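After the structure tokens below, expect a handful of questions from me.
Letters are used for the chains, namely A, B, C and D, taken in the order the chains are written, and counting of residues starts over at 1 for each.
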Amino acid sequence: MMKDVQNLADPRNIDIDQVGIRDIVYPIVVRDRDKGSQHTVATISMSVNLPHNFKGTHMSRFVEILHKHQADIGTDTIKDLLEDMRTSLTAQESHIELAFKYFIEKRAPVSGQSSLMDYDCEFSSTLSDSRHDLVMTVSVPVLSLCPCSKEISEYGAHNQRSTVRISIRCKKIVWIEEIVAYAESSASSPIYALLKREDEKFITERSYENPVFVEDIVRNVTQLLDKDSRITWFEVSSSNMESIHNHNAWARVVHKKV
Amino acid sequence: MMKDVQNLADPRNIDIDQVGIRDIVYPIVVRDRDKGSQHTVATISMSVNLPHNFKGTHMSRFVEILHKHQADIGTDTIKDLLEDMRTSLTAQESHIELAFKYFIEKRAPVSGQSSLMDYDCEFSSTLSDSRHDLVMTVSVPVLSLCPCSKEISEYGAHNQRSTVRISIRCKKIVWIEEIVAYAESSASSPIYALLKREDEKFITERSYENPVFVEDIVRNVTQLLDKDSRITWFEVSSSNMESIHNHNAWARVVHKKV
Amino acid sequence: MMKDVQNLADPRNIDIDQVGIRDIVYPIVVRDRDKGSQHTVATISMSVNLPHNFKGTHMSRFVEILHKHQADIGTDTIKDLLEDMRTSLTAQESHIELAFKYFIEKRAPVSGQSSLMDYDCEFSSTLSDSRHDLVMTVSVPVLSLCPCSKEISEYGAHNQRSTVRISIRCKKIVWIEEIVAYAESSASSPIYALLKREDEKFITERSYENPVFVEDIVRNVTQLLDKDSRITWFEVSSSNMESIHNHNAWARVVHKKV
Amino acid sequence: MMKDVQNLADPRNIDIDQVGIRDIVYPIVVRDRDKGSQHTVATISMSVNLPHNFKGTHMSRFVEILHKHQADIGTDTIKDLLEDMRTSLTAQESHIELAFKYFIEKRAPVSGQSSLMDYDCEFSSTLSDSRHDLVMTVSVPVLSLCPCSKEISEYGAHNQRSTVRISIRCKKIVWIEEIVAYAESSASSPIYALLKREDEKFITERSYENPVFVEDIVRNVTQLLDKDSRITWFEVSSSNMESIHNHNAWARVVHKKV
């Protein structure tokens, strides 16, 4: 019989906070507010703690558990996956991070034409005896138009694609679609994959009427998230790909509610 | 009525080889040899030629066509998509590039345990009056063990993950799964997402018995593709993430058959 | 004495087009038009051909040659480096690709304040008995403002950062700084790392007065490069990070002069 | 005179934790233990806090300060840069993050041949009235050979390139070169850009004699950093690019010393 090297004792007396696998790419099915479920592809990291007296963990079990759960990933089902990790690897604490593209069907504002917009989403979750923690992050591309540029110029105003990144902890379910709406209403305009000329006119004018600094975007989102009583903690940042520079403007607010 | 700026005449007398959209991310459904179809996510570029007398193309039509075709992408259906582009944009030539993850269920060599391996795939295709061209590219991660290191050392041999990248043109259908098999049989060993200890022993010993230089990998693949009469042109390269260096060893062969 | 496995004969009768090292990162010193030289960091690939009768190349010699030449990299000195590769590896043909950041000091248009802008540059060069080929590529970030959006809207116009990528072959030396100037004069406005308010006003208004489609940018560059008799071949593309979409508009022209 | 929109009052009563610029690329000169200084290229983010009563910060000042300090970046000079940010932007707290390649000349273990190895480094630093905090991070590529694979196999053992990432806070200066040495001595073997055959034999045998799990690497580093009394806090992780999988094995330990 083969020796189980991982199960040997380790003399160094050092607990390992996290050990596992990183950057495995797997197809997953995630919960979708409107369609029930949606197929996508995730980059995933999974880990557990390892007490000082064990030499190694059993890496293959992470993949077995992922393979079993990949067809139903949601903020509500992730706890079962983490519980399986704790049991299978006899660990006190288990962690998972999933990063994936999520698609939402959107209608252009005037023509009503349909297309899909892609959003970068992440679930980061930890389970221990005493608690289950889940942070959901959604990155939302929007349009920002500079108030200073508008104010000081005879005509025009520089504008650009920005990415509003929102992470939340919550006590009741909050959908990805709701986070997207918070971000879009805080910028100069939402953006779309498909726009006809009447839509382009609408968005150009709308954004000129709604200039926002990167500071305004994060403050507008903060006001909305502060008011949402389901959310207990959040971090919001915005990165504006300044059209007049080769670098980005950026701002960030973190709020923990009491 | 709004002016159609794109349709204005252009005085510079310069034909544009390609104009369109790049790096749009969309969910697609691709043909799968074993399961019929498979859901994945693609990064896509689409373009057409633009004669010198037109000022601009109509960018929104690319997205309309993509939205219509995304549910059935295969080496056989891509021609319809390209034909739609030519018609909708009144162009002589249309191009599309799709890059996506493709998953294949594999069984570990001894334990037989199942898991999914991810492969980077690309379709690059052009349609004009006179021809339809399609290049399919598959990148296959494998294990390579160095023959020199084995030969000169008392014990052991450095080995590493390598990526074998194969592009083909063909006159009859060749499946992604067949390209993967060609690459895997040309290296020291295939690799897997899930391996139990008996599998790890098997692969360690197998790779030690089959040392290959990066040059051997591309020559082994070349021999196989030369013999496959469905394939009319190919390019094969291998990039070995040398475990003794912080850079890669790399080799490349291109063959055009008469 | 250790066996030289690489020098063994190979029975497969397959020439290898290119074999070498990829993605080694090294500090280099490049020629600078204004300051004489400039320190930067490059990602480098080097390769040679390998005749069918040799089993393998000698990878360490690439690094020896790079280490020897890294302190003087220019379009004129690269030929010596390639000649060293041919000699040291007894090859007919040698290739090198270097990708690096290049910095140019720029003054803001009104305030005159100085800062450095970064440009992605690449040298790709091949030497054989019969020819020396060198392609220089420079990617230039600029501002583009949409003519259609300006035309159809009551006020404002969507604009964004764009990257103009120009590759050239030439018979007399052309400086990176000249390629940057060609790209910047073909867009709605150059961009800068450091702008005070008076500069921001200037650029906002200037870009509104000079709207360009992605098609216009590549045509404008094409006109300039067509006229420059030092340049014998070029490829120009522009990628506009559309502020109203989450994807890019893109166009490309290739000209080979007779 | 132009209106200073940024200086307007803001009614939303929301403090902004950080606002500034991100991902600006600039040439810098960093302190080098052996040569005094070294030229490299950095990707940099800079930010300050913004009290609730101000509408916006003045982005151009970040670039002015960076331009002034870029020629002398070290763990000791970074405090002056942060102080300049606090003063120029009238902020309580200033932050900077710099990520750059750092090169160390290394001699091959047997042949003694010289070459440069590249290491990813980061400085992340914060200054407020009450404290100055600096975290230095160094990522060190090494070779790891699997103890389990060696134990259960008749011959050979899978091995791979791994990246050991070490972040430290310290009360006395610790050089990048010392962190690299800690990481290299904790793995199966250091790795090099340039190795002759006698070196390859040495490293192959040495790594076979020193098998380490990813857990062993982080524990070995932990033992060394625990003993170094200059270091007050550290985080160490290792990511092994498993040659038998297409994903990585990973482990992490964080220690705060009392």
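Just so it is clear, a residue touches a chain if its C-beta (ideal position, glycine included) is under 8 Å from a C-beta of that chain, and two chains touch if they have at least 3 such contacts.
Since the model is a prediction, treat every value here as computed from it, not as a measurement.
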| item | value |
| --- | --- |
| Classification of the subunit A:subunit D interface as same or different, half of numbers criterion | same |
| Chain whose average C-alpha position is farthest from subunit D's own | B |
| C-D or A-C, whichever has more C-beta pairs in contact | A-C |
| Recurring contact interface, reference A-B, options C-D, B-D or B-C [over half identical by residue number] | C-D |
| Approximate Å spacing (C-alpha centroids) for the pair subunit A, subunit C | 34 |
| Length of the line joining the C-alpha centres of subunit A and subunit D, rounded to whole Å | 25 |
| Whole-Å separation of chain centres (CA-atom averages), subunit C against subunit D | 29 |
| Interface hub residues of subunit B, defined as touching at least two other chains | 2, 24-25, 118, 148, 152, 193, 195, 197, 201, 246-247 |
| Contact set on subunit D toward subunit B in their complex | 117-118, 141, 143, 145-146, 148-149, 152-161, 189, 191-193, 195, 197, 200-201, 203-205, 207-208, 241-247 |
| Touch list for subunit A against partner subunit D, complex | 2-3, 5-6, 10, 12, 14-25, 45, 47, 50, 55-57, 59, 147-148, 151-152, 213-216, 218-219, 222-223, 239, 246-254 |
| Parts of subunit C lying in touch with subunit D, wherever the complex brings them together | 2, 4, 24-27, 38-41, 60, 63-64, 67, 101, 103, 113-116, 118, 193-198, 201 |
